[in-house]
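I've put the structures underneath this note.
The two complexes that follow have chain A in common; it is paired with chain B in the first and with chain C in the second.
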Partner chain A sequence: MTRLGGRAGHLVFGAWILLLAATPFIASNYFVKIATFLAMYAALALSWNFIGGYTGYPSFSTAAFFGLGAYSGALMQNAGLWVGFAWIGAALVVSAFAAILGFAILRLRGHYFAIASIALADVLMLIASIWAGVTGGGEGLNVKIMPGGPDFIGRVFLYTMLGIMLAAFVTTVLVDRSALGFGLRCIQQNEDAADMVGVNVTRYKATAFTLSAVFCGAIGAAYASWVAYISPVDSFSILLTLKVPVMVLLGGPGTVLGPVVGSAAFVILEETIWAKYLDYHQAVLGVVIVLLLFFLPGGLLRMLSRRSGR
Partner chain B sequence: MEYGQVIANGLMLGGLYACIAVGFSLVWGVLNVINMLHGSFIILGGYLTFFAWLHLKVNPLVALAPVAAVLFSIGFLVQYLLVNRVITQPVLTTLTLTFGLDMILYNAMNLAFEATPRRIVLDLGRLHLGGVILPYDRVVAMALALVLTAILYLVLRTSRTGRAIVAVRMDRDAAALMGIRVNRVYAITFGIGALMAGACGALVAVVFPITTSVTGLFLGKAFVICVIGGLGSVPGALVGGLALGMIESLASFWFGPQQAILVGFLIMLVLLMVRPTGLVGKKGYE
Partner chain C sequence: MSEPLLTVENLSKNFGGVQAVRNVSFELRKDEIVGLIGPNGAGKTTVINLITGVLPASAGRVLFEGREVTGQRPFEAARRGLARTFQIVQPFPAMTVLENVMAGAVFAGAAATRAEAEAVARANLEFAGLLPQADKPAASLTLPSRKRLELAKSLAMKPKVLLLDEVNAGLNTSEIGAALDLIQAIAARGITIIIVEHLMKVVLSLSQRILVLHHGELISSGPSADVVNDPKVIEAYLGSKFAERHRALTQAP
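The block that comes next holds the complex of A and B.
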């Protein structure tokens, strides 16, 4: 795994990002859309990896961050703010939300933390449905459509998502090498022992939780501008909350490249195989999860490095 | 008199809620597993009861026993064949596994039954108590929910299997050393959790429309009740269930039905911060 985490891993990632960035010039709009989703899910998976992979906290709040980002970005944009500022603003709102709530719910452990983090998305979804005067309620909210035609818009959002993915990746590399990453791994292994030897667990966990939120917020806002319509049920979808951790588990939690590999494998699998069976979509995803947990603990990366190690 | 009705509604709802949460709480307490299948188990029980009533003309209250037996077998097998394999792994693994299984069951139910809400109409009439109106079907459902909860309590306290479950909850390793087959106890416990969910589903079908789209709602209620009442005891689930019933009834009277659900979640989050053991939480599952 160290082999893939080092320079070779960065090269693989660089080639991947170039390939995705080249899609508008070499492939049809369908592939541009897929590339955008690949970048988007990679960034979400990299985000979750901070709290779920490195720190080992069973966080299920991806949808809460994503949805909050979508709504705050859409509202700022509709209030007349420039799109880019609206995305950055949404990222800041979501980070503040995560930082404040992090101090409260990160005192919980295990199941209690998992339930609190699931409930966050439920609470936000209910607020978005109830507060109809601002959020449009259950009917959803229209976002201004960007001018410039479908080709141009497709490229704008591809490069936006790629940019966010790159930012999340670079942050992961930096965290992985820093004292923060070391501390988070200590917390994952034994939180009480980490506390005893002087790791500031409260601050480290809150940092990891905030890092797991900031890019989700930006992506939520960019996604809202992309699809130009958001509703409470879609924005705070429980499926998203589950999909993202599954992608990381598929790739390899607590590694730099794992979330990228996992999300890519997942999205490609989803698009090529089971998007054709819409009626069974959820069931197939369920089967994938069960098989993954039984036969691929540790993810694809560990399987690869084990093979090559022999 | 308005408040009399609101309180009566809260109590009727609360009885059902206690029954909904008690199986979830048992599984969480003994197996240390958050069973994401619980909401779907309830709805599956509701569907089986509905179809027994529609096609075979079986009274829902009679159908309750066989439906509960079917759900017990499903739960037992799920735990014995699948969840037991990852039972010692972290929360993330067990929760994700039951989540994945839930997606399979949910999808299967959607395909088999379609999501149209269905409701059993018994029309037993109403009981007028002063100015308070109590539909008999609701009263019966609440009473049965409380009876089931009480039976579970007695089973855990007095039966051999019940004592084994409590012993495993207290100390898994010590229980194994005393000759208890832990994996079998786990499977039985999960089975009982599913049994309670199925029985509740039968009762829910009498009172509410049954549709797959509410599985998440019931699961969320089980979370809230466990946190309010405290995890791992029958009295905890009872107190939590009745409390949530009253809270929702009052909140929906004051603010509206959607707001009532929000109030429940917010109370749960606050309680998690200040009193994670719940109102009557304690260690052993007595």
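The block that comes next holds the complex of A and C.
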């Protein structure tokens, strides 16, 4: 089940990446923006999959990592660091944060872990709001606008997000095939039994949590440079924290391609519903999500494999 | 006499005000099969949990191969060669039977490659008579098969000592017979065994030595024949009827 699709899946994924990368040459700026979001959410979903999918820990820390990455990147960039270094720096800051916090909150299981992980984003949002001297407080923070005009900037961020998505995907493939991935699946199935067969569960979980953070940090920083303005409420958005796990569940948790499929389905769904129901699109989206999760418990990928395979 | 493989010194465990295990000391030598018996709640499983690091000891020491391992974590115990089975079986339910056993080979058995892990897993599945079910999900197995899976998984960890916590609970008479043969075959591979068991038939047919726990204390230990005739053991656990029957059986002409 976990190696769903195999070579065919990788070919489809490659074609998808090429299609997204080609949007600036074949479609309007609107589609370039959608393609950028598709890559961004795929990378966020692939990240969450390490802890939520493979390891089975219901993490709601995506917004915490994203927001911390946005602020760290913005501050480094404003301090004069080259943009690329600021993004890498933000990824490192967020990874260190996740590694240290992971050892503390991963002692909790199930609902308790979920609540602790939600609290992370809230605490960081409060800090960003209060520490006005550094973060600009509730007024937010302006980030230097890149030179080069909107078309050029649009492409830079599309390829940046695609690059991060590809890195997250390759990492997923490597983890999936390694002893690390096997150990994480053991933890997801039965943590006590995993411990008893010799899996260092504390270290494995902390590794998964850190992997789920590193790309979110880079994305947050790149996003901050892209929109050139960040505020506490935008950066540590509870909606982002909820959306990303839903995407993975929609596609197929604990699989290599599930997060990519799920995030694509979600973003496309969101865009089309947004266009049709301007006033209450969030409500419609909510109902659709509940129905999808209810009728597709293993995700879209499992449904496809059931049809074609057995 | 050789060095003891496993030494337990004055091991104690308190849960709040309750002393579940009190000053338990014993030694285990290589190639022994030792039975650990006692009434429900005597602390048998707690002793196993203290040895394998599932629970921290309140006092006392555990030495394995001459090194102090008190306070080790379960995964460390597994990697050192102290494997255990659970009274309530603990498979990875959605994984295949083969993957379950491979987990033991990869994480504790130090298999270097996936192919090596798979070879070790298949050999142990064959040993446990589970090879035909290798590709089924673990959750689809019957209880006796799950117990065998538990054994195969432990064996793939290449243990020096195997702690069997009621591997026969819930099995019927013919299934127990098969399980007994399997345990004897494991011992023949040079693995030292502690077996926690309620069924005296199993304990007596397997163990050379028996330890008896009662209210967390070791009330008797020694060769099986001596222990079953110990008045303290008869009073606490076996009951006078068992003692009479056992005496009649062993002294019959």
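Just so it is clear, the second predicted complex is superposed on the first by the 301 of 310 C-alpha atoms of A that agree within 3 Å, B and C clash if a C-alpha of one lies under 4 Å from a C-alpha of the other, contacts with A are read in each partner's own complex, and residues count from 1 in each chain.
In this section, a residue touches a chain if its C-beta (ideal position, glycine included) is under 8 Å from a C-beta of that chain, and two chains touch if they have at least 3 such contacts.
These numbers come from a predicted model, not from an experiment.
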First, second, both or neither for A:Asp192, with chain B first and chain C second: second
First (chain B), second (chain C), both or neither touched by A:Val123: first
Touching partner for A:Arg107 - first (chain B), second (chain C), both, neither: first
Partner chain in contact with A:Ile238 - chain B first, chain C second, else both or neither: first
More chain A residues in contact [chain B versus chain C]: B
First, second, both or neither for A:Gln282, with chain B first and chain C second: first
Contact residues common to both interfaces of chain A (with chain B and with chain C): none
Interface residues, chain A side, partner chain C - complex: 179, 182-183, 185-186, 189-190, 192-201
In the complex, chain B residues that touch chain A: 28, 32, 34, 82, 85-86, 89-93, 95-97, 99-104, 106-108, 111, 216, 220, 223, 227, 256, 258-259, 261-262, 265-266, 268-269, 272-273, 276
Complex interface listing, chain C residues touching chain A: 52, 54, 73-75, 78-79, 83-84, 86, 90-95, 99, 102-104, 106-109, 153, 157
Touching residues on chain A, where the partner in the complex is chain B: 52, 56, 58, 60, 104-105, 107-108, 110-112, 114-116, 118-120, 122-123, 126-127, 129-130, 238, 242, 245-246, 249, 279-283, 285-290, 293-294, 297
